[in-house]
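Got a structure for you, written out below as structure tokens; questions coming shortly.
Chain IDs A, B and C follow the sequence of writing; residue 1 opens each chain.
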Amino acid sequence: MAQFLQQIVNGLSIGSVYALMAVGYSLVYSIMNFSNFAHGGVIMFGAYFGFFAMTLLKLPFLAAFALSFTGTALLALLIERIAYKPLRERRAPFLYFIISAMGASIFLENIVIATIGPTFRTYPKVFSRTAIALGSIAVGRLDLIMFFVSAISLALLVLFIEKTKMGKAIQASAYNMKAAALMGVNTDQIVMIVFILGGILAGIAGVFFGMKYTVYPQIGNITTKSFVAAVFGGLGSLPGAVLGSVLLGIIETMVAGYLSSQFRDLIAFVILIAVLVFRPSGIMGKISEEKA
Amino acid sequence: MDAYLEGILILSGINLIAVMGLCLLTGFAGLFSFGHAGFMAIGAYTAAIFTKMLGLPFVFGIAASAVSAAIVSWLIGMATLKLKGDYFCIATLGFGEAIRLILDNFQGLGGSRGWPGIPASSTLLNIVILDIIGVVLIANLVRSRHGRNMIAVREEELAAQVAGINTYKYKMLALVISAAYAGVAGALLGHYMTFIQPKMFSMVKSTELTIIVIFGGLGSISGSVIGAVVLTFLPELLRVVDKWRLVAYGMAVIAIMIGRPRGLMGGFELTPASFRKLFAERKAAREIKAASRLYSDDDSAQGAGR
Amino acid sequence: MSNILEIKGLTKRFGGLAAVDNVDFDVREGGITGLIGPNGAGKTTIFNLITGVYKVSSGNVFFRQKDITNTEPYLVADYGITRTFQNIRLFKNLNVFENVLTACHASAKYGLAESFLRLPRFRKEELALKKKAMDLLDYMGLADRKDAIANGLPYGLQRRLEITRALALDPKLLLLDEPAAGMNPDETEQLMKLIANIRDRFNLTVLVIEHHMDLVMGVCEHIVVLNFGKKLSEGRAEEIRGNKQVIEAYLGGEHAEC
């Protein structure tokens, strides 16, 4: 039982970081109606920003953290302006957005390899590695902080979307971009805000992944799992993205704990296939009919 | 022939086969795959099982590689092609990663350390023959009603449907054919290198293939052929700046999508008839532009009147 | 005359809102029927339900006595119903000829292997398809534009091309969604004649959604009026013209302003 609880706690921790990525991706998806496959590159930059802020600039952790997610917010915005905006204005087909995203993704990954190199780097120690005992289970300090920071970030995002005028405009645009524009919503501004929000979440996720594992140019590939989590929860649904991520995190740690760690990465794809075959709309989502 | 030059020619020929398949899938049917290296992997391992383990002739290995990749793609298509395009993309992304993870952990086929000792059956001759067959088949297909139906799916899916085109069937057809091509390319690669390893078929390989199709121009067969040869030679010529190559590719892909989405060839095919047509079209385009200007003035006046 | 299409109790709900609410009407074979009503009356939704683009919430669609409710769009086209779209949907980057040629696909029977290898049947049938496409373009007056890219055509010709593409399928029932939208009176007049001509020459039935009352009254033998997703009235043109409810539905907004 204690081991089971331990797995749940570990799963929640990793799942909450998946949720940061999946929510950022779903947010953009709900507005732009296409999958931003360059999201992984932004997360990777977040990990590097945090790393260099602490090692080169010798900034304290919190300052490095803030610098990182500010940087990724700007980066996400820059990608939108350069790679997507011209396509949006031309009403280019879906395929072009995906290809442009792929281009951005290749560029981001390889500019890092070309300049900084492909080496693995380890974050300086921030939190003590001794675990905190909660009854019979032990929780790593980093895991605990990851969980709480992710939860707070997501709560703030929900507050922003539910309570502010801008948030309402985002909701309206997600529902129907054209109608929102007719009602006086500045949709270009909405797209920018959404990319900034996605970028912030990506930066937070990047720093945490860098601290939990290491920093390397392909770390962005981990977003594949957040895409799976988003589909699992229901593509385009924010609560779905959170639920899918947390469940994926828990299932992964369970599989690693009880079966074999080799299957840990594979289980995401088993889930993906199962969802696509049996319930493509995911846990929370619904498939809407295309407007003719 | 110079062994070094021959080696690059062989690799371009192998890439060309995989690229032809992707050209059909992405350029003509408008579907985007992140996982074509996965189909190459399936082809490479299946062919190696046939020739190395079962001792069968290479032809059987090639046929089996095409069939096995086609079957797997058919399963993926069944799960995703009735859904929105994003699902297909995510599924191919997942598939490409999953197939690598499975092969990494499958010790019977060498696991992550790779599988050596595959017969060296790929030669420049049999690759060139397969290239020619491959290009001719696709060129014939896209100029048939089946090919036109695929293009219609790319252009306007809903209109294609109400024009009696079973869009699911034609997406599936494009996917299965392109996967079979990738499978054959994988088989040829394995039997040229005489060694296969899961990481040879990573996502980087998939994106490199897609980049070739995009450079050549979506919907241009001759563009894909030229792209496959040029972009396989280019890294060899640019050895010194190799680490900047993919940086440049990434930027170029975005630039092409923004500025010239039909690629460097612009959907233009290298045939005598196309040259003649080019001049006729230029002229027609000018006339239409002039005519539509007149018309749109008319139109807006109408709109205001109502 | 028999009915080619029968709509019975057709309903479509989006969420809680009924866009089409328990609508019944018939379309007589060989006739030109008009479907009219103010914006948001559910006209296009009915087209989407007939052609299988939307799933029906309840009710049925019968085509030649056969129940075709919730049939896949491409099968509906196979049965002999085809349509145009309010916001024109051409194969934009293809030229005029290719747009029509693509839609001729059902007239050929050659298979995949024959395409790959360009076998004799492929050649023979391709020639026939090309001739058919060219004949259609000739008839519709688009032959001189056959090499123009669809997207670059003037608006009126795009609409004409969309109708040509629909005719390439040899439909029994042609659904036209606001074919005269954005046209001036002259063009509308021409279009009216064209629609009547098409009906006679291709021996088909037409159901047309239209805002231009001139066009509807001039060419339609039978008219169905919709308002707020419900059928308001139905009858011959002159009956509809005098119908108080219809006038109110159309002019209601302006009365309030007066």
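Criterion: a residue touches a chain if its C-beta (ideal position, glycine included) is under 8 Å from a C-beta of that chain, and two chains touch if they have at least 3 such contacts.
Since this is a predicted model, take the numbers as computed values, not measurements.
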Most distant chain from chain B by Cα centroid: C
Chain whose averaged C-alpha position falls nearest the assembly-wide average: B
Chain B and chain C: spacing of chain centres that average the CA atoms, whole Å: 37
Euclidean distance of C-alpha centroids - chain A vs chain C, Å: 45
Whole-Å separation of chain centres (CA-atom averages), chain A against chain B: 29
Residue list for chain C, restricted to those that touch at least two other chains: 53, 85
Multi-partner residues of chain A (each touching 2 or more other chains): 290, 292
Per-residue multi-chain contacts in chain B, two or more chains: 158
Residue ranges of chain B touching chain A (in the complex, touch as defined): 26, 30-32, 34, 79-80, 83-87, 89-91, 93-95, 97-98, 101-102, 105, 154, 158, 203, 207, 210-211, 214, 218, 243-244, 246-247, 249-254, 257-258, 261
Chain B partner contacts - residues on chain A that touch it in the complex: 29, 34-35, 37, 82-83, 86-87, 92-96, 98-100, 102-111, 113-114, 221, 224, 227-228, 231, 235, 262, 265-266, 268-269, 272-273, 276-277, 280, 287, 290, 292
Touching residues on chain B, where the partner in the complex is chain C: 137, 140-141, 144-149, 151-152, 155-156, 158-167, 173, 267, 277, 280-281, 284-285, 288-289, 291-292, 295-296, 298-299, 302-303
Contact set on chain C toward chain B in their complex: 51, 53, 72-74, 76-78, 82-83, 85, 89-94, 98, 101-106, 108, 110, 112, 114-118, 122, 126, 129, 145, 147-149, 152-156, 165-166, 168-169, 182-184
